[in-house]
Structure formats: C-alpha cells, structure tokens
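Two complexes are shown next, each including chain A; its partner changes from chain B in the first to chain C in the second.
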Partner chain A sequence: MLSGDLGHSLVSDKEVLTLLWERLPATMALIMYALLISVVIAIPLGIISAVRHNTRWDYGAMLIALIGVSVPNFWAGLLLIMTFSLHLGWFPSTGYVDVTQNLWKHLEHLALPAFALGFLQAGIVTRMTRSSMLEVLKQDYICTIRAKGGTEKVVILKHALKNSMIPIITIIGINFGLLLGGTVVVETIFSIPGIGQLLVQSVFNRDYPVIQGVILCVAVIYVLISLVVDLLYAYFDPKIDYNEG
Partner chain B sequence: MNSRLLDVKGLTVQFHTPDGPVEVVSSVDFHVNKGETVGLVGESGCGKSVSSMAIMGLIPSPPAKQIGGEIWFQEKNLLAESPDYLRSIRGNSMSMIFQDPMSSLDPAFTVGSQIDEAMQFHQKIAANEAKERSIELLRRVGISNPELRYHEYPHQLSGGMRQRVMIAMALACNPQLIIADEPTTALDVTVQAQILDLLNDLRQTFGSAIIMITHDMGVVAETCDRVMVMYAGQIVEEAPTEVLFDQTAHPYTEGLLRSIPKISGKKVKLYSIPGSVPLQRDMPKGCRFHPRCSYATSLCQEKEPPIQELAPGHRVKCWHSDQVIAKQGGV
Partner chain C sequence: MQKFRKIRVFALFAMVLMLAWVTAGCGGSASAPPAGSENGSTTSPQEQGTPKSGGKLTVGVSADLTKLDLHGSTVLSDRIPLLHVQEMLVTIDEKMNIIPMLAQKWETSEDGKSVTFALRKGVPFHNGKEMKAEDVKYSIERFMQVAARKGEFSMVDSIEAKDDYTVVFHLKQPSGVFLASLANPYNPAVIMPKGIAEEQSGTITKPIGTGPFQFEKWEQGKQLVLKRFYQYASPEGDTSGFGGAKKPYVDEVIFKPISEATVRLTALETGEIDLATDILPKDVKRLETSSNIVLAKETSMNWGYLFFGFKKPPFDNLKMRQAVAYALNKQEIVDVATWSLGKVASSPVYTETEWYTEAHAKDYQQDLEKAKQLLKEAGYNGEKIVISTAKAYDHHQKAALTIQNQLKKIGMNVEVEILEWASFISERSNSGDYQLAVSHITPRPDPNQIYYAYTHSSSNFNGYKNPKMDELLDKGVTTVDQGERKEIYSQVQDLLREDLSFTATYYYPVIEAHQSYLKGYQSWSAGYPRLWNVWIDK
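Up next, the complex of A and B:
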C-alpha cells in the first residue's frame, strides 16, 4: 500500500486506484458545489442576522439555519427529488454527466444533490457567522472605524467580516468531514457515480481492497482540506505568520 | 460667539434599561472655542464618555436611547442632522482618540491602510497619495521608520506606538475638533508624558481644539486651558485651569484635587472622597453630591443648587461655594 499500489477489486478485478480516479471527479464536483451553495447561503444570512440582531430578520435566518441543521440530508434529498424532479420537472432526478461532456447538463444533474448536501452545512455556517460577527461588532476597533466616518457597508463587509472569518473557516473545515460522509448517502439517493456510492457498493460486495482504498482517499482529502484551512488562517489573521518561527 | 467651535446646550442622554429609563447625562451645557484644549473631568461612570459619544453621534441605538438638547458644530445642530451628514463630519472635521490603543485598531489590517482609510472616507484621493500622506503623518506623530511601520499590523507595535497611530488617524483630515477619551489611561507613565507632549505640539501646529476626557488632574494641569468637572451626569464646576486649581469652588473638585498623590512632604494616607457615585436610577434629591459632601446642609438635601457665575468663565453648581473657597484661603 505504501508503494502506491492499492490492490485489485475482488469483484471487478480492476485496480482500486483506477476505480478511485474514475469516481473522484463526481464526488469532488459535488462537494465543491455543496460548499459553494452553503457559503453563498450562510454568510449573507449570518451577516443579516448579526446586523439585524434580535429582529424578525434574525429570527427568520435562525429558523432557516435550524431547519438546515435538523433536516437529515437523505430526507432533504428525497424531498428535493419529489418537488423539483417529479412534480415540477425542473431537474433530472438521478444520474451524472461529466463536465467535459456538457457543462450545463453537468450542473443540472448536480444541482439538487449539492443543495441537499450544502443545506446542512449552510445551517451550521450561518450560526457560526452570526455569533462570530456579533462578537466582532462589539469590539472597540469597529467603533474606531465608525468614528473615522466609515459607512456601515465598509464596517461590516470589510472589517467585521474579515475579522469574523477565522471561526467560520474553521467550522467549514471541520464540517468538511460531515460533507464527505454526506456524499455517501446523497450519491446513493441521486445515483451519482462518486466514491460515496463506490463505498456503499463495495461494502455490500465485501470488496475489502476497495473499501480500504476509499477510506484512505477520504482521509487524504480531509488532511488536504485541513491544510488549506490552516493556510487561509494566515490570510485572515496576520498574527499567524508561517514564515517566522 | 464666532470663536465658538462647539456649543452644547442642555444635552441629555437617556438609556432604556429593563428597570426603566436611566438618565446618564442631564442637561449639560458647555462650549469649546477654536484651538483651545478643554478638560472634561470626573469619576468613571459620570457621563463624560457618553457625552463625547453623543457629540460624535456614536451612541449605539440598541440600548435604546433618547438624546435631548442641542449640539451646535459649524452652524449646524448635530442632533437634528441626518446620519449621512454626521458620517461626513466624523473623522473629517471632528475626530476621536480612544482610551485603549490595544483594542482600537483593527488587527486584520495594516496600520497604514487604516490611516489611508480615514482620508479615503472623506476625500477623493489616489491610493499612493494617501500612502504618502499617511507616512508623513506617522512621521509627524513621532514614529521612527514610518515607511516600514506603514506596512505593519497593530500587533507588531507597542501600546505607545499604537496610540500614536490612533493620533495620526485622528489627524488624517485636519479636524477642527479632536475628542481624546482618556488617551493616556492605558499607557505606562513615561509613555503618557510623551503622548501628552505630542498632543500639545500637534495642537500648536494643526490648530485643532481638543476635548480631553480624563480622570487624571495631572493630565488636566499639563494640557488644558479650561476644565469642566462632571459629577453624576451634570457639570458641577467650570473654570480656566489655573482658577480651578487655585480657587476651587465645588467640594467635589476639592475632593478630586486632594486625592492626587504628592511625592514631596510627609507620607500621609491618600485622601479619597467617601462613598461612591450614586446609581442613576436612585439619584439623591437636591444636590446630587450631598450624601458624600462634608459641607452638606439641609438645604442641599432639598433643593438642587443653580449654576452661579463666580467670575467670568468660572461657574459652579453648589450652595456653599463661598465656604469651599474660604477654606482654601485659610489652609
């Protein structure tokens, strides 16, 4: 294994590495879109609820976040399929098209699963953004910026947001594991040929080398993401400087 | 009248609390002339910071507030102006230096960019021009190697240097009025003296008026032309600095002056004014200082003293100011 040879699948006799390479693009695309969706929903929502603290806006945003955190993603997935595929027919219910084949079809197929996966993450990130922003908005330097004549836009989007980012990216990094775990369920529901689905199939088939390969692959991805998060820290918090010490 | 830069009339600030409204500042009147340094002195919680925040229009709304009175600055009543107008003068013709330089600078941006910002909020100015001016300002406030410091983050600077950066930031648009809210409290004594010297110097070169908020009579003696003493949300005495020190007319001022430690002479127990500042919600009737005052009589318990003018510019809010002055003559 250390030499990079993950062995052969017991069922299909293909190399495990080849199987992973085939499956990885779909999973990575799914995760990236889910992450994008969660950030695009969560950060504005979190900012609104912090700035309009204890108003209807805040309660509304927190309700959405609560739903996001509470709804299990397999159920969210099923609901999405029922509403948007069966009733409205806007999106295909299952399947996957690679980016290289057709970008539009690719996005169309991944929209629902990415949303099902991203919604949970969005709930968590919204709450973290809100509490982090509330904390930062109480700081003296926020008052300094107002005293300099800064508009609320500058205060919130430039200064407060940058200072709130550390806990937000930390929670995104930690929950990346949740996202990876979620792909197993979501890929199965939406029949996406990613490594999550591969894992489920190989478990049913007792295909140990493949199981091992998938687990290793997931672990490597997780470590890489943690590294990216650590590197982002240095950008958001200048006190962290990896060139010194 | 024309020499008046800031004229505060009947300023009253109320906060809404779960126990009902609380009046933190009660009909305060004062003015600041162009180019002069005025001290605002008092214990913690007497309303001096709140008054200054009210002038800046920076009292946060959530602990809901009600502000009454008038604040005249550049022929406009600030309390009647729009938030946009207030923003346009804040940091521009009126700026503020805060108490704690450690927490008053944004840790995520370089000090240089934060000074640039103060200019860019109010003027159309190219980035490199702003940078040049920021570096010049850093040099003016006595920071060595300003080109290098410009690119540093607040955590790389010492407390004294950060306060200098704050001052540079306050000076960025040549304000006519600087409100310095205990600018030296968080600094150690040697740095305090440097910062006060710097403020004195800059006042002479820039010609800005300064409101120096402090509880330190030493700072007042060193920097101010005129002093206002605040107690429990009211101004109790106002006088030119020398007069205040020589002919103290209010028992509270007397107490404050007596509590300054002296290095020379015999070691004696340091004087402190008995009791503490009353809570705003159960303010004593009559004169607000009477429970802690050694001159207090039944008159003080019943009727609030009016403000009397003892000499031009020397005003006091006490029934027994003649006794207070007489006592000093005797000592």
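Up next, the complex of A and C:
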C-alpha cells in the first residue's frame, strides 16, 4: 500500500489508483465550489444577524440557516433540478464537463450540485458566525476601538470578524468531512463521475479493493484539510505561532 | 505577510470564479431552448418519413458499464451498448427464434455430432480486416475459457476452421441446445478479431467487432461513445431482434449513466438526452400527455417469480406450496408491481415465443377456501414466514408486499425481508436459504436455459429434487428435434406446476421514452434498446 499500489478493481480490472485519479478532480471541484458557496452565503448572513441582533434581519437570517440545516441534500438536489433545469432550463440536470475542456460548461454543470451541497453547510456556518461574532462584539477591546473613533466598518470587518474566525474555520474544516459524505448522494443524483459515485457503484458491485481505496482517499483528504485548518489558525490569531516551540 | 497576500489573491480568484458561475447560469438559459419544441403535434410511429443520416444521439441508461469485454460479462449495462459494437455467429429475432448473423447458414451432420457454419463474405471488422473462420475459432475458444456461461459449451469437442469462410464445430454428443448457447445474449459469445486480447495485454480495453457502430471511448461514470461504422456489412432480411437488415444512421451514439430514474426523466424533458431507458411505470401517465416526448412501451420477457425454499420448513411440504399457489391473485400483483402495465405470467416461457403451448397457459386460480383447507391439512399453526426480496428493483418490493397481503388473507403470518441486491443474491437466492423469495429473471432464448438452471437438481439453488424432472431436462438437452423438445418442455411445465418449485408471477414491462424527433425507434420485449435504423429528424 505504501508503494502506492492499491490493487485492481474486481469488476473492471483497472488499477484502483487510476480510478481514483480519474474521479478525484470532479469531487474536489464540487467540494470547493460547495465550500465557496457556503462561505459566501454564510459569513455575510452571520455578520448581519450578529450586528442586527434580535431584529427582523436576525430572524430572517436564522430562518434561512434553519432551512439550510434541515433540508437533506438529496431533496434539495431534486428540488433544484426540478426548478432550475426542468422549469427554467437554466442549468443542465446531469453530467460533468472537465475544467480543461470548457470552463463555462464546467461551472454550469456543477452549479446545482454545488449549491445543493453548499446550502446545508451555509446553515451551519451562519449559526456559528453569528454566535462567535456576538461573543467577540461584547469584548472590551471592541468597546475600546469604538471609543478611539473606529468606524463600524473597521470594528466589524477588521477586528470582530477576524477574531471570531477561529471557531468558524474549525467548523468549516469539520464540515469538509460532511461535504465528502454528501458528495456520495449528490454525485449519484446529478450523475457526476466523482469518487462518491465510484463508492456507491463499488458497494453495489462488492468491489472491495475500490471501496478500500476510496475510503483511504477520503481519510487522507480529511487529514490534509485538518492540517490546513491548523495552519490557518496562525493567520487569524497571531498568538498561535508554529515557529516557536 | 507574503503568504497572506497569496491567500488574498486566492480569495479574489475564488470570487471571480463565483461571479463566472453566476453568469454561466444566466448564459445557459439563452443557449438551451426546450427540446423538440418545433411542433406540438404527435406523429404515429408508422409515419416516420425518410431516414436522415448524421447527428448525435444521447441515451440515458440506468447504469454504467462495468467492463468492455463481453466474453467476461454477465451485466446488462455492458451488453446494451456493446452489442452495437460486436455481433454473434447466430442471434435471436424479435420473438427469440434463432436466426443467422455472421453465419449465413448452418448444417448439422446426420449423426448430429458436427455443425458446419458458412460465414458471410466481406464482413469487415472495425480494424479493417475481414472477418474469417480463424476469428470465429479464436473467439469461441476464448469464450469457452473465460466466460461465466462456458458450461453451456461443454458439449463442444473442438472447433475447426475448414477454410476462410467455413467453421465446423465438432460435438461430443448430439445437442438440441448448441445453437441456443451460441445465440444466448446473456453473456454473449461475440466474434472478435483473432489475437485481440493478447494485443491488448490480456484484458480487452478497446473492443473491436463487426457491428454497425465502433467503439470510440469510455469515460467511466460519465459516458461511453460509439461512432458510426461506415463500412458496416449488414445481414439481409427483415430487421428483427439483433438480426436482419441493420443500418446505422447517426454519426455518434453516447450512453450516459444516470442512475436516478427521476433525474433520467428530467434529463429527457430538458433535452439533454434523446432517449431514456428504464422509465418507472408511475411516470407513464405524466409522459403520455407530453407532446415532445414519445413513449415506447412493450410487455417484456422479464418474468417475476415466487420461489419456494425446500431446504427448511414449511415449504418443503407440498400442501403448503399449494396453499400459497391457491392464495395468489396474479392480476393484483401485476396491478401493484407494474401499475397494470405488465402481464400475468403463468409460465416462464413467454407467450409469443414458439415454445409456448397450452401447458404453459394453465395455472392455479385463486381459491381462498381451498388454500385455507390445505393450510389446515399441512398442520400450519401461525408460524412466522418470511418473504425475501431485494431493494434494487422497485417492482420486487411491491410484488413481495402484495403477496404478503394475499397470504395474510388465508391466515398466514408473513413478513417481508428487503435486502441489498448483492446480499439477496449471495445470502438468499444463490444459497437457497429462504422460505419464499421474490425477484425476476431476464429473458433467455431457449427453454432449457430457463428451466435447467432453476429446476434441475444439479444446478438449482432452492433444493428442489425430482428424478422425473431431471430426466426430462436431460432429455431436453440431448434431443435434437425441436418439435420433440417443445413437447418435452410442455411436460416440464406441467410437472413444475404440480411440484411447485417456483411459480412465474408477472411479466414486467419495458418502458422507454424518446424525443419526438427521434425516428424509427422500436422497443423490444427482450429489453435491449437498438440504435440501428434510428435517425434524428430535426
């Protein structure tokens, strides 16, 4: 295994490593867009609900977050296909185009699945951003900055947000695992040739070497992401310095 | 600070990407008009017009291929596309009769121990070489080594390439099933160029054949692409089954695996695919009202079954089996499991094949009083009975639940156990470890292929054993005269109905749907979509 030989598929006789390499780009692209979507939705929503605490804005944002957390991604996926593919015809309902072939089509095909996947994450991250921001906004140093004449923009974006990022980053890192799990369902619904779909097919075919390969691959990705999260801590909190023992 | 700047640059890039994604969505709306919207009128399949060449045909299928080597495959999703690429020596027509394909004609010697095939001349492979006797010899010999179905060729002693266009099969003993073994599409014995496997280092990664379409590429999980084969030499005669006159019209055929039936249908409605296979019966009503989409449905030869387990009580007792047979209302099973689109099956032999006789039409009629009486005589006291079935097909579960309900009416205490497909096959079906099992079996051309595997004591899984049945089945294999064989399999069915090793319950429908601009398409009760003689008119 350490030499990179994960064996051959029992069904297609292809090398497991080749199968993973073929499938990984689609899954990684999907997860990246899903993360991006979740962050783009969640952080502004979280900030708004924290700053306008206990107002209509807050309730609205929390309602969206609640829907995000509650809707299972396969259901969201089917609803999105019905609305945006079948009725509006804006996006294709299935398939995948590689980024090197056609960037435009690539994004078009991944838009709906990424949204289906990202929306759930957005709910979780919004709630975390909100509570973390509320905590920080009560701190003395925020009061000090306001007293020194810092504008609201400086207070919120430069000081409060940055200081509340640690738990947010942590939850995004943990969510990455959830996203990897979510791809299994979403890739099957949208027929995206990623490792989630590969896993489902291999389970149905009892193709054990491939199942092992996919699980190992997912575990490795998860460890790498945890590492990246740890490294990001140092950026958001300069007190954490990995250079000094 | 340098590395933070990098992160910012990355963030900016991500934002641009996000913006691109949003606009991509808007652009899509302008470039994708709804498919087949040129007219709202529906044309009957007869008024198809003159065929046109060219275009690209995308087919949405329910599963991806597992491999590209038909000799080593028993999977339907491999056969559907690859039987457009490779062909057999003899094949089956619309009603499962055996007809010529690459062989023009054949002759059996008087002692019945050698069969001589005259090959068609001037049939090119996709690699440009002409198909000759050596290729046939190589292909069938390879098949007899690697195929799951190699047992069906156990009567073959040797294969001789007499000259370029004559192949002789020498048999160990006369056989009534030899031709059917050659034509069986389940794990098909297709003809490939000599040495192809060795050239491709043992496993076939680029299938080459004589079919109307040639293999282009397979992107696993995404698509399989076939190209029109311009030099294709078609057999003559009326198009029927896999044989007869076949003409490729479209330049490119793409098979796209879309496992979710709902999504497959949506892809058809949005025009991303031109033909969708395996439409669920529940969606038929909705599709019937659509003007751009044409439904192609046909009762299939796929037959649903109820098997009795003989390896443990209580169905080792004939009275118990008879009680169940009298409790069943097969029409109700058809109504529930197939939304009334299927057909009641009284025998696994399909009504429209030449093997169907009166013996296959007879069946038990529902008689609840008699069923209750039989239960009493068998000494049944409300012990728990389990029906095992699998999750993979919606109609299996529905059939199992209907049967459960019907058996409850005669006072049986029945539960349904739903397993994953692979577990159902290995832990129940193939081990015979069940009381009742519900599933279905795909069509086979010869009744021997239907009955032998599931009722002969040497090969069945459920533990049924009757020396008289074994004798009949063995006789069916060695008898050469097809009229006599027809009589034998009528007797087999009569005996089966008496012994109740299993009972066929329903024929599942083949339901496919395509865009109205796709012309010439015909569904087939054997369940294989065929994309020759099909053209795009838009």
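We adopt the following convention: the second predicted complex is superposed on the first by the 245 of 245 C-alpha atoms of A that agree within 3 Å, B and C clash if a C-alpha of one lies under 4 Å from a C-alpha of the other, contacts with A are read in each partner's own complex, and residues count from 1 in each chain.
By our rule, a contact is a pair of C-beta atoms (placed from the backbone, for glycine too) under 8 Å apart; a residue touches a chain by one contact, two chains touch by 3 or more.
Being a predicted model, the structure only gives us computed values, none of them experimental.
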| item | value |
| --- | --- |
| Clash or fit (per the criteria above) of chain B with chain C on chain A | fit |
| First (chain B), second (chain C), both or neither touched by A:F119 | neither |
| Touch count on chain A, higher of chain B and chain C | C |
| First, second, both or neither for A:S191, with chain B first and chain C second | second |
| Touched partner set for A:I81, first chain B, second chain C, both or neither | second |
| Which of chain B and chain C A:L36 touches, first, second, both or neither | second |
| Which of chain B and chain C A:F176 touches, first, second, both or neither | neither |
| Which superposed partner A:S93 touches (first chain B, second chain C, both, neither) | second |
| Closest approach of chain C to chain B (Cα atoms, Å) | 12 |
| Touching both chain C and chain B, counted on chain A across the two superposed complexes | none |
| Residues on chain B engaged by chain A in the complex (per definition of touch) | 56, 58, 62, 87-92, 95-96, 98, 100, 103-110, 117-118, 121-122, 153, 155, 166, 169, 172 |
| Chain C residues touching chain A - in the complex, by the definition given at the top | 4, 7, 14, 17-18, 20-21, 24-29, 32-34, 60, 64, 66-67, 203, 219-222, 256-260, 262-264, 266-267, 269-270, 272, 392, 420-422 |
| Chain C contact footprint on chain A (complex, rising order) | 11-14, 19, 22-23, 33, 36-37, 40, 78, 81-82, 84-86, 88-96, 103-104, 107-108, 110-111, 114, 188-191, 193-194, 197-198, 201, 204-206, 235 |
| Complex contacts: residues of chain A adjacent to chain B | 53, 139-141, 143-151, 154, 159, 162-163, 236-239 |
